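Presented sequentially are two complexes of chain A, the first with chain B as partner and the second with chain C.
Presenting the complex of A and B:
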């Protein structure tokens, strides 16, 4: 079977609709998971009683269970407990919870590099723990943690393809759905791999720009 | 001793019955064309059947092949080789059945195979032996009473199913939720993620009979024929299969098998599918 470019051209609008949904879900989840990461890491580092144990439990739970099982639990399990989220928000929630756990660890790793001395200096200057975190620790931690945060965000973007399993019409869904009708396997999977690659490279480009900017004070 | 006698007697009577059966089928087999050498040389019939599609082809509690289409395969083996044991049944799925046939793992498919132009390019079809339509399952109190009522609503369907194609071609305005398995689809319907779940009527009837919270809409659409599949360019074998199907019909075997495999409360649908002409539907 030869590679049919005309077929791909025909399916292009459908693929673009899928791509748009992939971008929406991923962008929203990346922003939300970084927020979760910042909050969780702050709770861990500031050793907020009880809550920090919950954060530890959450991170362990997410990192040691399959994403697909978490997704099915959110989509099919939660309605049984009275919480029915739409397809879109089920997807965003599962990706956010998944990536959030990793972002907590990424940012916490960055926070470890903020020395004890700096912390004591901040406190002796009268900064509250929260202001210390916001003004000193977080910016430094994000700079150090950025490569691993980018890694997690790239994984999140790729893992958004799992959402096809609950019927969210993102990029992979479109490909699998068309293949099951037209049997054009090679064309479709080749096309979405190229699209994902372009998407990840774009994300990496912007992250390296951000890294460059955050490093401004350290450049000579 | 008595026990041994009984066994021997049993064996004798089985032998006598078998001899009688062979004599009878030998006489009737004259109505069938000669078995092509390619099949005869194997010494048994290699048939592909479904093992997850009750009542057509499935495995019973003991793991044995069961169902109407399984009985059809066994019947052809009996006519072709004189014994119901001269058969090798292979469990095939929707995805692998045509590769199994064309890879010569099996010599025919009686496996809920719908006749479509795409498939006709790669296999030959016998005469149709039954038809199969699509239907929709909805919640008991749903306002959906007929097919047109789903306009503007969300319909759950399986990726790549006949129904997905049909809705896309015929009612493109219908919002679709496409999932991977029948259990995902049913779960989603019960959680209210869609207004209806569309699939083969034969599958939905079984679900509806078991679940009082659901109801069939009952309007047939996307009706297609099911036929036996054989490899391309095996005309003599195809002719044999066609003649065997004619004979099953003439001897009223389909109705007998439906009675054997289908519970009485849902039986009429299946009896009609094998014995009545295909209904006109969209």
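Presenting the complex of A and C:
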């Protein structure tokens, strides 16, 4: 059993197609989950009656059930209700719902650092609630919440590999598929491990850079 | 509902398998995590770096890839692992990487003067760890470890992908069987029920973790003020 680089070079285009799908699914889900997070966190912070209890329940439910089961429920279960989604959109939906729950908590955690005193001070200076949010609350909340939001996004990227279980041809699926045909196990795993590591490390590098930049005013 | 009653023994078997998988993994993860976490607090830079590489490696590679890797690659080295063993190894590698961070953070949260006082009293290095820093660190280690157990229970569902008949796989089998034998697709009900049962198990665990956290925090106030400032270790998502 030796490491066959030529084989990998041969399969490279297929792997890249898988990677491209992984990136598409992840990027779309990250954007959507942040949207979910913003809405959910706003509802929690503003304490909208009834709806905020639903949001709490949603977050608890997602956090205490396996993503794989959520995914299967969405892909295989929802058609029973007449809601048939394509592979791609089932994947995006389940990743969005999963990460959205975490993003709600991340953003809420950020918003909660903005104290009551600041709000009162802003209102007594005559700022409208919207301007208070835009000029004071949001910039502060982002600084606190951003690191964990980026962590969740990175987790989402890794968890997009769950979608191979329903047969979406993303990176992991391509690799497993090729292994079952050619038995080049070590080469394939080495390749996807390196690709995932490169993706995650690049993202976390940018995450820490961004964090550093945002904290500029607070550094001495 | 009728489906549930008919398959009850099968389902219970699945739940049992899930729990034993989770506990086996927790066992190995805890051992590795405590060894590596402790090593990471020692004053050898190369040890710290080695542990860091281990942690980053297994946390940054998707868990599924990790499990498939163990499952497919171990036989190539002459190790015939059963699916159960393969999943246990894969999950333990991942769980221990997360656990190591918890243990390391727990030790780091023990105030410096505790270490210094212990050393000044003439305690040997291992005595400091065992009798002074350890018990204090445990307080901030335990609650996140319960959180880790919750994640492990959830992660055992990945065993279904390599053929361990744990709870999630049981659900899949029931769906397939009913579709084939009775000609209707119960996916919505079955996967809904699977989600609910996971939710019950995991939220009980989460609740226990929160209770433990509150409990250990409350205990702290009984200690003379200023002796113990344990900060919550940073835990991350799966």
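Please note the rule applied: the second predicted complex is superposed on the first by the 198 of 220 C-alpha atoms of A that agree within 3 Å, B and C clash if a C-alpha of one lies under 4 Å from a C-alpha of the other, contacts with A are read in each partner's own complex, and residues count from 1 in each chain.
By our rule, a contact is a pair of C-beta atoms (placed from the backbone, for glycine too) under 8 Å apart; a residue touches a chain by one contact, two chains touch by 3 or more.
Everything numeric here is computed off the predicted structure, so don't read it as measured data.
Once the two complexes are laid over each other on the shared chain, residue contacts for A:165 go to chain B and to chain C alike.
Of the two partner chains placed around the shared chain by superposition, chain C is the only one that A:151 touches, whereas chain B remains out of contact. In the superposed model, A:176 lies in contact with both chain B and chain C. Using the contact criterion defined above for the overlaid structures, shared-chain residue A:73 touches chain C, although it does not reach chain B. Once the two complexes are laid over each other on the shared chain, residue contacts for A:185 go to chain C alone; chain B is not touched. Comparing chain B with chain C, the partner in contact with more residues of chain A is C. After overlaying the two complexes on the shared chain, residue contacts for A:102 are found with chain C alone; chain B is out of touch. Touch criterion not met for A:88: it reaches neither chain B nor chain C.
By the touch criterion defined above, A:58 reaches neither chain B nor chain C.
When both complexes are aligned on chain A by C-alpha atoms, chain A residues 76, 79, 165, 176, 179 touch chain B in the first and chain C in the second.
Chain A makes touch with chain C in their complex at residues 1, 60-61, 63-70, 72-73, 76-81, 102, 151-152, 155, 158-159, 161-162, 164-165, 172, 175-176, 179, 185-186, 189, 192-193, 196-197, 200-201.
Within the complex, the chain A residues that touch chain B are 76, 79, 84, 87, 165-167, 169, 173, 176-177, 179-181, 183.
By the touch rule above, chain C contacts chain A in their complex via residues 57, 60-65, 68-69, 72-73, 76, 150, 154-155, 157-158, 160-161, 168, 171-172, 175, 185-192, 194-195, 198-199, 202-203, 206, 236-238. Interface residues of chain B facing chain A in the complex, by the touch rule stated above, are 118, 159-160, 164-165, 168, 177-180, 184, 187-188, 191-193.
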